[in-house]
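Listed after this line are the structures, all set down as structure tokens.
After this come two complexes, each holding chain A, first together with chain B and then together with chain C.
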Partner chain A sequence: MKIDRRLGVISMTLVFVNLSLAKYLLVLPSFIVQEAGNSAWIVQILKGAAALGLFAVLAALYKPYTGLGLGEVNRRALGKFFGGVLNVALSAVIILRGAFLFRTLSEALRTLEAASASQEFMALFILVPVAICALKGFNSNADISSIIIPFTLLSVGAMAAILIPHFRFANITPILGEGPVEIVTTAVGKFGGFFEMIFLFIFSRYVSGYKTFKRSGLFGIGAIALITAVFMLMYCATVPYPASKKFFFPLYQLSRLIMAGAFIQHLEPLVVFIWAGIVLCSLTTIVLGTGELLASAAGTKDISGFVPILVAIIFFAGELPQSEIVAYDAYRTVLNTGHYVYIIALLFILLMARGRKIEKA
Partner chain B sequence: MKRLSLLLALTLLLGGCGYYVEVNEKSYVIALGVDKGKNDLIKVSFLFTSPDSGDEDGGGEKKKEKDIVTLEAPTVYSAIRLLDTFRSKRIDLTHTKLIVFSRELAEKGIEHYVTEFVNTRDFRPSVYLCVSEGKAEKFFHSIEPKQDLYIEKYIDRLFGKVTNNSVNEAYLYYDYFNSSPGWGGNILPLVGVAQKENMEAAETRFEYVIPDDFSANYTAREIPIDKEDAAVLCGYAVFDDKRMVGTLGLMESSLVRMLTKNLPNGQFSIYYPPNDSYYSVDLHQIYRSKINVTVGNPDIIDIRVRIMGEFTGVDSAFKSEEDYDKFLRYLDETFSAKMKALFDRTQKEFRSDVFNLGDYAKRSFLTIDDWKAYDWESRYTSAVIRPHVIVQINDYGELRDAPEEEG
Partner chain C sequence: MKIRDFFLYTPKDVHEFELDEESVPEEELGYDPQMNEGGAELSGNYKKDKATLDKELGVEENGDVKLREFTLRIAERDVRCAAYFIDGLVDKDSMNDFVLRPLMLGSRKTEIRSYGDIMNVLLVQSEVKETNTLGTLTFDANYGSVILLIEGYGKAISIDAKGWEHRTVSLPETEKVLRGPNDAFNEQLRGNTALIRRLVRNKSLMINEVSVGKISQTPVAIMYIKNVASGQLVREAERRITSINADYVFSSAELEQYIEDKSLLTLPQFMSTERPDRAARALLSGRVAVIVDGSPFALIMPTTVFELNESAEDHYLRTPYVNMIRFIRMVAFLFSLLLPGIYVAVVGFHTEMVPTDMLMSIVSARDKVPFPTLVEIIIMEIALEIIREAGVRVPAPSGTTLSIVGALILGQAAVSASIVSPVLIIVVSIAAIGSFATPNYFMGISARLLRFVYIFLGAAAGFMGIMAGLFVNAVLWTSTRSMGVPMFAPVAPITKGGVPQTLISPQIWKQDRRDDYVNPKRKFMQGFISRGWKNENR
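The block that comes next holds the complex of A and B.
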């Protein structure tokens, strides 16, 4: 795909934050709270710290190839055939994760906004803008992210401010929740760490240089860790354990609690609007990232031909689970399955690229 | 590309108004009452809006009769399904203001009903929950909103206003959250239907010869009122984890509000034995109560409550500052003793940490397992509770601002 302009630190950070928010703000809090109780916010801080360290190492190894993109690095490190196979395999994993996330969120949107509508109908409402946005290209997606993210953060911040009277210190005590072992186990062993950091490498050819790449990665991971830790703290301080384990979408439940006078209540539609915005940009980034990998596998730079196919795959793969509950479990399983493989594979590729002394960007 | 994007964008308009429902096609439930029915059934009463009541600001038609329907069913939602068999409009619960459980049902436990309500989007989190001393259905029939044209407005105002009599924070969600299993008991506002006979019984039922506010510890249906079947909101229902185990009366409700820094401005009539006289004081609360729990054997709970206030009438009985101080100390001791008596009830009669004092003990533990192993619920009954109420009355001419907080 043609690069209109190189992205700076802020734009790339916002793309990463938007990509991650769909998972970290909408779905993951309930998963982590179910595992670690009301110390979920500590889990998120630990995960964020670990991800920052890991990214710093990977980014240092990636330094010579910043302008190439991960797909191209794979191809050059492993050869056209094996590199292409790896790109296709990685695309399949990303698209499967995206499809289950999409199904989970579109089902939730349907339940909240139009319970009598069919899920496919809601899917259409999400995937059509995703297709349009993806066809417009990565730069357009970055522009939309830079509009949506400030609104998202502002609204979550406003929600936190309104909910302050409901925060109770007692709700986050005992401070270590289910215990240090459970905290570390959840932080290390579950829910895929910061899998989304792989997109920073995929899109590295869109940024203006190594410094921008590294900074946007560090800022993006730090921002996501901070946002989600604060959000989980807010949720845990508002909803006591074990009631906190029962809710599927904490963001939605918190929005239902808002009641500040006659006018500031019934704000769920606003949350759903923000929610839809995050999902739209997140899925677009997933489609673009997968397109980048497939384009590299095919030896082309233009990803627009892949976009309709990828959107269709997301739709049909998302329809595979028979119900919302099955989709939720499938996404949970996907998040919990082999999440270290991606990181180890990335490390292996980068070491191999260094070893073979492939052509630098 | 532009044409394709435009074409795709246009598909978003295909939704149209496919899933719309007009407002006048819905039947809105204002309040829902749940009584015990025959065998294992429950009796569900629905109080509906009257859409043709006219404009509250004047004009419109006269008030209509209350629209109350009562059905027997296994669950609340099966009762709603039964409603659909004879109501022409679609039942809508999103504007429900109040859910009332009868005492009989509350004594068996209401957890699974509340869980059912929380798990659905139909009810707003701001629905008020309460317990009726008698039948919830009878309470609905007794409601007479004399000063409000709409019943929904009446319910909103009655439960939403801040009074000494009960809480205005008995919302569905908060109560559900606060009554999470294993974390102590809970309280819900109490409603009831007061009878005219209470007027005659009022003179004999109290322990004090001269009834002041401390002795008038009525629950909802004991309020002496010169009216048949008056719907009343007063006092609390007390739950032992999940089951209702008793009630708190009018004066105890004020003490509960002091504990939660929720005491609104209100007049208290206090009988002062040394002067054999009544004093009317306007009390209010500025500072949050300080609660400190020292875990050990036994657990020690220190509670410090500071109340501000002023006389509402001039009295020349206090000749000196010493007299005045004595009266203040009398207030301190009386309020402290009443609060101690309230905690004694929770320990001996209810055997439950009704006010969630365990929340303060939890801080001393690092993990949930440690806290569970401590078995606070059974230890609470033998804990030493030391409430200390300090009342400060401002004299005439004094500024009403609170003094600097100690510590």
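The block that comes next holds the complex of A and C.
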């Protein structure tokens, strides 16, 4: 094999999976259960199917520009000024999601291990590693994903295996939960579950060709739909409805059910390893993606100068909500609404780029 | 005398010596950095050349540089000759029997008509060359050759007569195996290359010799298999090694530090081995081996973290055993790296993990200990490191005393004096044993060093601190290259077909592919069906 620093299908898929998995392992399942009841796992499958269709359309439109990166396509389609403005706006949306993800993790950590420690102190252990990894560049981030994703999946898989005796079929009945209408509405309306596909377009210049780009997207969306559906099913089958609506951190609640016998009484502190690993990885990708967009807006390819600024923004934006409840509500709002704007914008840009026949990659 | 001196006695400072920088021109220092790439040449005038060689080799200053002058009979006339050699580097028997005797007596018994006959008829040594380059002559003399200067010849003759004292091939000290061969490299370059060539009996095995160190002129052999190793890899190894601009390099450990990418990283970026079979196997897998004269270790490049976790024994064990042992080794490494940090984190932040009964036992054991867990564990770790360091240097007869003192201090006295708790001793001991179970010595040291970092991180932020450390560690390690190959290949980045073979060793007959991340010229090591006897037609 030639060690080509342009990423292949598996590496790019793992980057995408790390982005989506972070929020699913933190808080998103409880939001979805609140919307769709114990049919949340069906919602995930429907969302995945819809996302696959949408990605196929977007990818087909994006085909000529795969080697450019979304930031550059925006600039070329809308001109330097408006393209730059769009890049900055998109960066703001992404970084805001990153900020709330950061806040959610630090709150979760405070809940789990260091209630006496300040929010700022815990932030140090999140943002410093993120900054170091981001400064090493996208390839380093992809390499880390190759280690952390298998570790996360193995851990969650092991947890699922241990929890099998706790599964109750009655907990997932009625199968259609709140009803077919609710399922479809949640699946279509809460499309933000696959917001992360935008990163595939942002990082497309790192991918070795259109085929890889397309396959990474399709495999990634498929994998996330499958993993999260299984996770939702596990959650819904273990925790009876409506109790499942009440928990902020489903993974943590599931881990509390595991009694590991005489030597280790509770396993839930070990969840920190899963959460921290996936969120650090995900935040790094968010910083790098935002950096890519801002670098395009500034007409440069080097993003290292943006990294410290972006990390600082994540910190300060994450500190904005006054309490953890406000932070969760804000995160929920961001997750549910932002995606419409960007998907419409992305479609518009790609159609415009096609119409203007901008230079191909 | 000043009035002040009358009252105050100021002793005269006897330490007046100060080491000043000497501004001696480099050419007067007795070496010329360019000496191996041309430099001054002999003039062809015997008297003048002899004076030059006398000066260059330092015949008068150096007690071990010997000069033997005699006459040689060529074309019915006596010709003056001078033989230079360094006592201790040449084999005197071979010099007397095959150099001096033929020249002094043989030239009189056999009719020598021309200067050409000296090399063709008289000198029966296998390695003889003529040159007039002064740099080559001084290098050869310092590497066990006899330098022969003959009046009227115009050139000097360098006759190989190496024969210094050296260790014989002995058992490996750091890579012992039960079922594999038991010979190890020693300090002799030629002997070491021969040990490898004995295993790889193929004309494709290339040994490119260069010298490193402006003054030491240490011979270094860069070995590779021409039809297997990537040309780019070989050129990069040669480029790095020949570009070293230092006065001396004595060992592969020093050379390693000159050519590695990141000197401050704890992770070793090359594998060092004292086993010829391991070096040969690496060559056959498309890697480059570098042997430094005077060093009993070969450097294998490139290498990965997973290879550093492999032992020399792995290739001699059956598949189920090797996989189990590799897993145990991985666990041992993780214990050695993380266990003390995890202990601090559990005691400080995650006490709910520990069952109540066990927690009570830990708490009661710690009841009389006056220090916080962090201090307690740091004391123990430092004590352990001191004992380990002393153990390396202590003379063998005192070893037993050291173990008794160590065991008493670490085991009994520290607990009796309530300086540390018994549980902590178990934790520290398991971590220490884990580092010994790590096959690569430098990986073990790396774990020992990083363990302190994880202890502090565990004490500061519990599991989150440890995970943050692991994340940064993984970022630094994955972004490190060994001769251009990522240290975490084939897992990060993922390479084609590499992951399963790296994590779980398949049966020997299924190990058909060379590691793709070293870009070998030949991808396969075995045929599609390597066990021909399974085919009924054969």
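In this text, the second predicted complex is superposed on the first by the 349 of 361 C-alpha atoms of A that agree within 3 Å, B and C clash if a C-alpha of one lies under 4 Å from a C-alpha of the other, contacts with A are read in each partner's own complex, and residues count from 1 in each chain.
Here is the rule we use: contacts are C-beta pairs under 8 Å (C-beta built on N, C-alpha and C of every residue); 3 or more make two chains touch, one makes a residue touch a chain.
As the structure is a computational prediction, the values presented were derived from the model and not from experiment.
By the document's definition of touching, of the two partners only chain B reaches A:Ala170; chain C does not. In the superposed model, A:Asp329 makes contact with neither chain B nor chain C.
Contacts of A:Gly277 after superposition: chain C is touched, whereas chain B is not reached. Judged by the touch definition given at the top, the superposed model places A:Gly179 against chain B, while chain C stays out of reach.
Once the two complexes are overlaid on the shared chain, A:Val128 sits against chain B and chain C alike. After overlaying the two complexes on the shared chain, residue contacts for A:Gly37 are found with chain B alone; chain C is out of touch. Judged by the touch definition given at the top, the superposed model places A:Pro242 against chain B, while chain C stays out of reach. Of the two partner chains placed by superposition, only chain C is touched by A:Ser11; chain B is not. Once chain A of one complex is fitted onto chain A of the other, the partner contacts of A:Lys136 extend to both chain B and chain C. Residue overlap on chain A between the chain B contacts of one complex and the chain C contacts of the other covers 114, 117, 121, 125, 128-129, 132, 136, 265-266. Within the complex, the chain B residues that touch chain A are 1, 4-5, 8-9, 11-12, 14-15, 18-19, 119, 121, 124-126, 171, 173-174, 176-178, 180-183, 356, 359-360, 362-363, 365-371. Contacts from chain A toward chain C in the complex involve residues 1-3, 7-8, 10-11, 109, 113-114, 117, 121-122, 125-126, 128-129, 132-133, 136-137, 139-140, 142-144, 146-148, 262-270, 272-273, 276-277, 280-281. Those residues of chain C whose C-beta lies close enough to touch chain A in the complex are 346, 349-350, 352-356, 358, 457, 460-468, 470-472, 474-476, 478-479, 484-486, 488-489, 491-496, 498, 516-517, 519.
Considering their complex, residues 37, 111-112, 114-117, 121, 124-125, 128-129, 131-132, 135-136, 166, 168-170, 173-180, 239-243, 246, 256-257, 259, 265-266, 304 of chain A touch chain B.
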